[in-house]
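This structure is in structure tokens; I'll ask about it shortly.
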Amino acid sequence: MTKRRAIYAGSFDPLTNGHVDILERGADLFDELILAVANNRNKKPTFSAAERVALSKASLEHLKNVSVCSFEGLLIDFAREQGVKVLLRGLRAVSDFEYEFQLATMNRNLAKAEVETMFLMTGETHFYLSSRLVREVASWGGDISSMVPKPVFEALVAKFEDKYKV
Amino acid sequence: MTKRRAIYAGSFDPLTNGHVDILERGADLFDELILAVANNRNKKPTFSAAERVALSKASLEHLKNVSVCSFEGLLIDFAREQGVKVLLRGLRAVSDFEYEFQLATMNRNLAKAEVETMFLMTGETHFYLSSRLVREVASWGGDISSMVPKPVFEALVAKFEDKYKV
Amino acid sequence: MTKRRAIYAGSFDPLTNGHVDILERGADLFDELILAVANNRNKKPTFSAAERVALSKASLEHLKNVSVCSFEGLLIDFAREQGVKVLLRGLRAVSDFEYEFQLATMNRNLAKAEVETMFLMTGETHFYLSSRLVREVASWGGDISSMVPKPVFEALVAKFEDKYKV
Amino acid sequence: MTKRRAIYAGSFDPLTNGHVDILERGADLFDELILAVANNRNKKPTFSAAERVALSKASLEHLKNVSVCSFEGLLIDFAREQGVKVLLRGLRAVSDFEYEFQLATMNRNLAKAEVETMFLMTGETHFYLSSRLVREVASWGGDISSMVPKPVFEALVAKFEDKYKV
Amino acid sequence: MTKRRAIYAGSFDPLTNGHVDILERGADLFDELILAVANNRNKKPTFSAAERVALSKASLEHLKNVSVCSFEGLLIDFAREQGVKVLLRGLRAVSDFEYEFQLATMNRNLAKAEVETMFLMTGETHFYLSSRLVREVASWGGDISSMVPKPVFEALVAKFEDKYKV
Amino acid sequence: MTKRRAIYAGSFDPLTNGHVDILERGADLFDELILAVANNRNKKPTFSAAERVALSKASLEHLKNVSVCSFEGLLIDFAREQGVKVLLRGLRAVSDFEYEFQLATMNRNLAKAEVETMFLMTGETHFYLSSRLVREVASWGGDISSMVPKPVFEALVAKFEDKYKV
């Protein structure tokens, strides 16, 4: 039996407890799980790719078979480079579903069916979390301490501290 | 019995007849209804927050228990300041529904369940209206007189009059 | 100010903790809330209308402004008889949403806009609960003790006890 | 490393090429895959549980690590009996998605998070296939030879041959 | 140029004003439009196929290029018999959409792309109407006079008159 | 009988094989089909309107009754100018559906019901294609040769050739 390895890719700007839930469950289902932070040069993220990698590492120390890195370009190319044939994704809502369906089908076509996408449903207490919503709430000083891992919480507070001071 | 007060918040850029429909029905269901115009400094609206407040006031004179104001920051903080525990929202379509579900759940978590979100379904003759679509049609000189209150119609014509002149 | 009264109608075959969540929140939003058990002679429920009324009463003793009764015929006629102009509904998912949208619009047309339907989103820890799923799981001896009020749990165990004995 | 085993459960009344697609892809992702035919005594299937098991076996001979059996009762209990912690499901459409989300969440609660549900998106050339639609088309003599495995095709023709003769 | 002919098929149990809306608009878009009443022997309709044909004819006298008939079996076979290559369908909601997508794709596969399905969106004042909902409301004596053509209204009143008498 | 003419409008930035599928099927259903490239001065497309017209012409030479042009402003005004009363649209997914429903209803209101929107479902092998996704994949050097017509493929390669060189 070969090792079962999977990639869990995304922007993670920032990592939320919803992502952590998928990672914890995925870590049980695969021998190795790679959190791959997308470094898209055309977007202006709140945290740089390096910061997002560092925050994710700090938040996932309890998961021994999860590693963190960043990648650029097509996910499917990154998967081939890593010799990984499974992409793990979380599904949260119907709108997610449709986009994910298109993306998974696109990726199967690009990868000539050599790479599969597997999905887990987001835990029911996290389905309302999105990085965008968390960023927005944090920017207005809302209490997001129960929605993100501790290192991410501290980084968000530091990022928006001018608002907190006012 | 204490007064039943609710907040109906949004961008209202501009107020459409769909919003007015929700406000007229909401005015029957609550003792006081506050239309709260979101003043988001990161966005570039077609009408300024002050203009949107003025246009909304001019359009809602017939609703005696509806007041209009603007707010900045988290809606949940504004609701607490006002001592209001009900947020009123209109639902128009499935895509609305999912976003609203996430938002309502986020707000219940932020407010420790002290603030509730209640929904009305948009009237069937207004479900196709959105501020964005109205703006777009108006910018090309389309006739939106049946889609917005009269003061908003006049403001849109003035805003896009260069196009009308051409 | 007149009393704010609302009807929360359904089959409640049986009442689940998802319904109780809506009722507890609704009891805070209205002066009086009537749980109305639909007695549809064309359907064969697991519990009779009388049983469903009794189980609901036993489960809702902590909510002083909630009363329980059954009705037959159009909900809109029952609302008129009771002099109530607000129907309260829980929304759980997109498929709910569409049916509810049709029903609310139908009811507004039937009631000539005299009766409104207001919606609450089901709490995130209950959205997966449906009476049908609970019945099915209970019929196979699955542990549904955390999904329904205690009186309902006991009634379900009694109803399906042959299975439990095997 | 322990063996990765998963259960792919359903009615399979009958098995379609959409199911076969999921099974072929699943057979690559797990060491062992169990096709579990639900034997629900309250329903009247077109093919008996024994027939469905036999047809599935005949259709899946090329998949060496797939076994076929039937089960009764809660899937979660069957999974525990088999010592399997992964349920595999295919997702085809938004309506699937919502039901599957509820079911997966229900099962996680019943199984105290010991059993996970993983999803694959149905291949784009099979998404329109459902057992119900295939049965209906076959019952009217429509050509379903490209939609089901050969043994299933022959069984459907035999089942509905009176219609074919007319 | 050959004549443009289309089939608008369904159960029409009974025809509603939503169907009439689609038929009136379709009559403008095609040279001939055939309303085809599905006669499914496995179902127990409220009105027999013959009654549904008669009611539809009586309701559509103002549409000179619309004819009414019934059919049994696969719609695609009926279309071929009639030499018609376009199926017209109304879309009302997301749940419609998914089923219609599956059905249209199934039909294209069965017909080897010789038959196309074209869709119109239901008029916004009719989207909440369904034959099922109309039947249910009529059975309880609700006023459905604005929801169905006059001949259908009279037939429904006659069908359910015992209830009206009570 | 007058000629049946329809407009198929969009951004086509760029034309994909999904669009070509709709055009090929539409060319069978109408006497004349006009592909109308929206020239929206507020957006920054990857290809200019003139380029998109030229690429579309080069890709559609096999369809004798399809012409290509660009337009600015409201589609409904362009349709009137052309004396065309049918807009053809492709439907791909639920999220499409809702937006299209709003747009079609808006256009019927703007056009006082003189212009109809008809829909075809995207072929099942193309539903995952969108111009945006194709552009994104091409920008990273992914192989999109099976997703777009040959002239578009070559133009995309030229546009992003710096990436290909690296």
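Should a chain be cited, it is by its letter among A, B, C, D, E and F, assigned in written order, with residues numbered from 1 in that chain.
Criterion: a contact is a pair of C-beta atoms (placed from the backbone, for glycine too) under 8 Å apart; a residue touches a chain by one contact, two chains touch by 3 or more.
From a predicted model like this one, the values you see are computed outputs, not experimental measurements.
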{"item": "Fewest touching-chain hops separating chain C from chain E", "value": "1"}
{"item": "Most distant chain from chain C by Cα centroid", "value": "F"}
{"item": "Chain whose Cα centroid lies at the greatest distance from that of chain D", "value": "B"}
{"item": "Superposition of chain D upon chain F: rotation angle, C-alpha, nearest 5 degrees", "value": "180"}
{"item": "Candidate from C-E, A-D or D-F with the same interface as B-F, over half of contact pairs in common", "value": "C-E"}
{"item": "Where chain C and chain D are represented by their mean Cα positions, the distance between them in whole Å", "value": "34"}
{"item": "Interchain centroid distance [CA atoms averaged], chain A/chain C, Å", "value": "38"}
{"item": "Numbers and ranges of chain F residues touching at least 2 other chains", "value": "94-95, 98, 101, 105, 124, 127-128"}
{"item": "Inter-chain touch pairs (all)", "value": "A-B, A-C, A-D, A-F, B-C, B-E, B-F, C-D, C-E, D-E, D-F, E-F"}
{"item": "In the complex, chain A residues that touch chain F", "value": "73-74, 76-77, 94-95, 98-99, 101-103, 105-106, 109-110"}
{"item": "Interfacial residue positions of chain B with respect to chain F in the complex", "value": "93-95, 127-130, 133, 137, 140-143, 146-147"}
{"item": "Chain E contact footprint on chain B (complex, rising order)", "value": "94, 124-125, 127-128"}
{"item": "Chain D-facing residues of chain A, complex", "value": "1, 3-4, 25, 28-29, 31, 86, 91, 94, 97-98, 100-101, 104-105, 108, 116-121, 123-124"}
